[in-house]
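What follows is a group of structures, each given as structure tokens.
One chain, subunit A, links the two complexes that follow: it is found with subunit B in the first and with subunit C in the second.
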Partner chain A sequence: MKAIIFTSALGILAMISEIIGLKKIILPLLIVGLLLTIGVNIYTEWNYTQVYYGMMLADNYYVAFSTVLLSITVLWLLLSSESYLNEEYNRGDHYALILFSTVGGLLLVSFNNLATLFMGVEILSIPLYILAGSDKNNKYSIEASIKYFLLGSFATGIMLLGIALLYGATGTFDLGLIAQYNAKNMDNTLYYGGTLLLTLSFAFKVSAVPFHFWAPDVYTGAPTFITAFMSAFVKVAAFAGFYHFIQQAYLSIPLPMENTIILLSGATILVGNIAAVYQTDMKRILAFSGIAQAGYLLLLLPIQGELGKSSLLVYLIAYGIANLPAFYVLYKVSRIGGSTNLESFEGLGKKQPILALVLTLSMISLAGLPPAAGFFGKFYLFTLSINNGYLWSVLIAVIGSLISIYYYFKVIIRMYTSTESTTGDSSLSPSLQVYVTLVVLLVSILILGLFPDILVSIGRLL
Partner chain B sequence: MDNILFYILSGISIGSALLVVLSKNPIYSVLSLIITFASISGHLLLLSAEFLAIVNLIVYAGAIMVLFLFVIMMLNLNETTEKNSNLISKLAATGAAGLLLISLVYIFKSYQVGQFSTQQLTEDFGSAHQLGKILFNEFLLPFEISSVLFLSAMIGAVMLGKKDLKQH
Partner chain C sequence: MSNILFFFIFFSVQTIGSAVVILFTRNVMYAVTALLSSLLGVAALFVLAGADVLGVIQIIVYIGGVLVLTLFGVMYTYQSPKRYQESIPHKKSVFILIPLLFVLVLLVQALPLLPMIDDPYQHASKVEVTGMLWLTEYLPIFEWIGFLLLVVLIGAGWIGSTLVQEDKSKGEQV
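Now for the complex of A and B:
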């Protein structure tokens, strides 16, 4: 609750920063404010489960995932600072929208009522519809915005119909009461219809196949850092929210829903990975890789209990900290090379060894190879799914991972094999704060890859 | 009596909704959409939700539809400017919508019209008074948080609408 109030207040501060003359120091202010928010949030809410007004459930799950979400926002603010200092003149508005979107994410991991769920999804999405179109001179950006907005509104409409059907069946919006109803009556068609529609709208938000058609176009058209935010923050928030819903509304997940999710997962893994192989644009590769990663994560959703939660935490953190630096390198390369094509990455290993190292490590982490954090994310996920009897799905997921190594390594090989001999290009060097952030991210990818027990032990307390 | 009214209103809703999709002229589409919204307001009245019926009429049939009409007239859309979508996407849309229809029919098949009588409701059910009480007690938190949503929509409108300030 405090985190939501503080983040909203910071958003309003960012909005009026230009009027009150804080334009120069708004970025450090926001970062300090968000770090304080994280601290206060952990200090006041950890191990102190509370329901606010019957609408928000603040348990350890909420604290863990809100910390992840707020950290992603802080890292995003740090990494994107160069772009915003040099090019964008509406900085205050952008920061305000990003922070409001963060508020939506926080609601999504804590809702205890379907009304709050709806508000969370909308507050998360609407700022991003706007930000996707913020590069007003680029027609692809506008296309991305309109496409995202129209399809997103459609998905929201489906979600509302699902909520209405659930209300029709149970007579309540409260997740606890829905769980009670669910334990007694399992054969109500209204209820199944509602859950199905709700599942589909979540599948849209996490870009699961066959609801993924918007993702590549929107990711390519939107400004690079907005894409980074969408791909890291929104995916984490949507998955944590979806898992939270299943966890709270069902004592045990109904079979039709389980089958739907497993089916979606298989299709998502195959289509995402195979489509990524044929891409030549780095942004589209990352978009399809995001779709494929959503496929693996879907396997976790039907698994309840602390093991499911801790694997979800490990996987989402590994995904987030690998994705953000990859988008930063992509931005840097596109600034110099003028495009996000794979050709622009040629010779990066010689020109900018640090950026090349960052991208290499994040690709390794996304591919799920040791010693990066992604390895343990995938390892826990696969073992847990096998223990739950999803043998065939894990087989598909392993095949998908093997395919994914091809396109992740294609990028790495491009960077280090180049015939032309170029010397270091100083215009690509990151600024000091970005440099420090990148080092922190690299170290945390390695630390989580070598000592995954840190996160698992936190995950056991959720 | 209620049932007959329900069937008449449903017929009007479905017919006009079909016209929205099928008519080639965008102006006709918008006008049929207004009729759809008006008949939905009628449904809400039948369910004795007077406040929602009026709000639906004012906001959707009134404000939003007028905006639609403005945009269509400003862009000068008519039958000739409308592009024909290809056969595959038409077929896919029909298939997907048909499947959704089948599942919705399956969901609702065990329910009958008139199962629930509005006689059981209290006197001021659905009034602005009752709605306000629920909104400001039980649903206070989502209500307050919706201000963040409106604020971001406002910032977005301003940001997309204004010219970029250049430093020179």
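Now for the complex of A and C:
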């Protein structure tokens, strides 16, 4: 609860920063504020489970994932600062909207009532509809915004209908009471209808096939850093929220829901990976890679218990810290090359070895190869799924991973093989704060890849 | 068929029928009027379900506020009505049928044609219970709704303000 209040207050501060003359120092203020929020949140809520007003459940799961979400916001603020120094966008309002979106994410990992779930999804999404269209001179940005808004509204409508059906079956919005109902009555059409609709609306939010059509267009059209936020933050928030819902509302996951999720997972892995092979635009490659990653993560959802939670934590953190730097490099390349095509990456290894190294490591992590953090994310996920009997799904996932290595390495090879001899371009160098952030991210990718026990031991306490 | 069921079917047909009219008419005024009818039907369904507070809110917010705004918007942007003129098949019979239906509803209520099995009015008003819930258990939800509206306001303001800046720069160029 404190984290939500603090983040909202910081958002309002960002909003009025230009009026009260804090425009110059708003970024350091927000970062210090968010770091303090993370500290206070861990200090006061860890191992101290509490229910606020029956609407919010603050347990260790909430503390862990709210820390991940707030950290992603801090990293995003640091990495994106360059685009605001160039006065490309109005920073006060942008920061406010990003922080408000963060509040929605925090609600999503802590809801104890379906009304809170709905508010969380809305507060998470509406700022992003606006931000996707924030590049107003670019018609693709406007297209992305409208597409995201319309399809997002449909998904919200489906979610509301699902909540209404669940209410009709159980007579309550409270997750604990729904779980009690679920333990007693196992065959109610209304109940399963509601569950199915909720599952589908979540599948839209995490861009699972066949609800993925918005993702490539929105990712391409939106400004690069907004895409980075969408692909890192929203995916983490949506998956953590979905897992939280299943965990709180069902003592054991109902079979129809399990089958639906496994089916969605297989389709998402195959379609995401195969479609990514044919893309020539880096943004679209990352969009389809995001879809494929959602497919792997879907495999985790039916697996409850501490192993499932710790595996989810490892995978989501590995995904987040690999995705953000990749988008930063993409932004830098598009600033100079003018486009995000694969050709723009040619010779990056000679022009900017640091940026090339960053991109290489994040691609390796996304592909799930050792020594990067992504390897253990996939390793735990596949082991756990096999132990739970999803042998065929894991087989599909492994095939998908093999395909993914092709398109992740296509970028790396482009960067390091170039016929033209170019000298270093100083305008591509990152600023000091970004440089430090990138180093921190790279080191954490390597550390989590070499010592994954750090996260697993935290995950066991959730 | 109980009285409640009769009214439920009547208002359901009104709601869905009006919604279909909105979809298929080319005349904006007809569409707005049909929307009015559809929203009124929903309000009636709320009352039938015992949610009288929600029914009143539906009438105040949607019909009193949103619809009047829409109506004014349509009237201000309305171009020559002849452009949208469309012929209604069996015009006379339609205009006789609709009032007849309303008379039928009144008759059913006035004459004891149908047995009153479950009268919603026998329950006490829900206003007090709803008010208590809203100010206790559901208070955080209302705060978050307020927060959401703040987000929407910022978004709207932000979109508008950028447009003004663009206009200014264009003015300077000229």
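Following the convention adopted for this analysis, the second predicted complex is superposed on the first by the 461 of 462 C-alpha atoms of A that agree within 3 Å, B and C clash if a C-alpha of one lies under 4 Å from a C-alpha of the other, contacts with A are read in each partner's own complex, and residues count from 1 in each chain.
Everything that follows uses one rule, which is that contacts are C-beta pairs under 8 Å (C-beta built on N, C-alpha and C of every residue); 3 or more make two chains touch, one makes a residue touch a chain.
None of the values given here were measured: they were computed from a predicted structure.
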{"item": "Superposition on subunit A - do subunit B and subunit C clash or fit", "value": "clash"}
{"item": "Touching partner for A:Leu190 - first (subunit B), second (subunit C), both, neither", "value": "first"}
{"item": "Touching partner for A:Ile405 - first (subunit B), second (subunit C), both, neither", "value": "neither"}
{"item": "First, second, both or neither for A:Leu357, with subunit B first and subunit C second", "value": "neither"}
{"item": "Touched partner set for A:Val456, first subunit B, second subunit C, both or neither", "value": "neither"}
{"item": "Partner touching more residues of subunit A, whether subunit B or subunit C", "value": "B"}
{"item": "Partner chain in contact with A:Leu446 - subunit B first, subunit C second, else both or neither", "value": "neither"}
{"item": "Partner chain(s) touched by A:Leu165 [first = subunit B, second = subunit C, both, neither]", "value": "first"}
{"item": "Segment of subunit C intruding into subunit B (one of 25-33, 79-87 or 97-105)", "value": "25-33"}
{"item": "Overlap of the subunit B and subunit C footprints on subunit A, listed as residue numbers", "value": "8, 12, 15, 52-56, 90, 93, 96-97, 100, 103, 107, 113, 115-116, 119, 122-123, 126-127, 129-130, 133-134, 136"}
{"item": "Residues of subunit C defined as touching subunit A within the complex", "value": "137-141, 144-145, 147-148, 150-152, 154-155, 158-159, 161-163, 166"}
{"item": "Contacting residues of subunit A [partner subunit C, same complex]", "value": "8, 12, 15, 52-56, 90, 93, 96-97, 100, 103, 107, 113, 115-116, 119, 122-123, 126-127, 129-130, 133-134, 136"}
{"item": "Subunit B-touching residues of subunit A, taken from the complex the two chains share", "value": "4, 8, 11-12, 15, 52-56, 89-90, 93-94, 96-97, 100-101, 103-104, 107, 113, 115-116, 118-119, 122-123, 126-127, 129-130, 133-134, 136, 165, 189-190, 192-193, 196"}
{"item": "For the subunit B and subunit A complex, residues of the former touching the latter", "value": "103-104, 106-111, 138-142, 145-146, 148-149, 151-153, 155-156, 158-160, 164-167"}
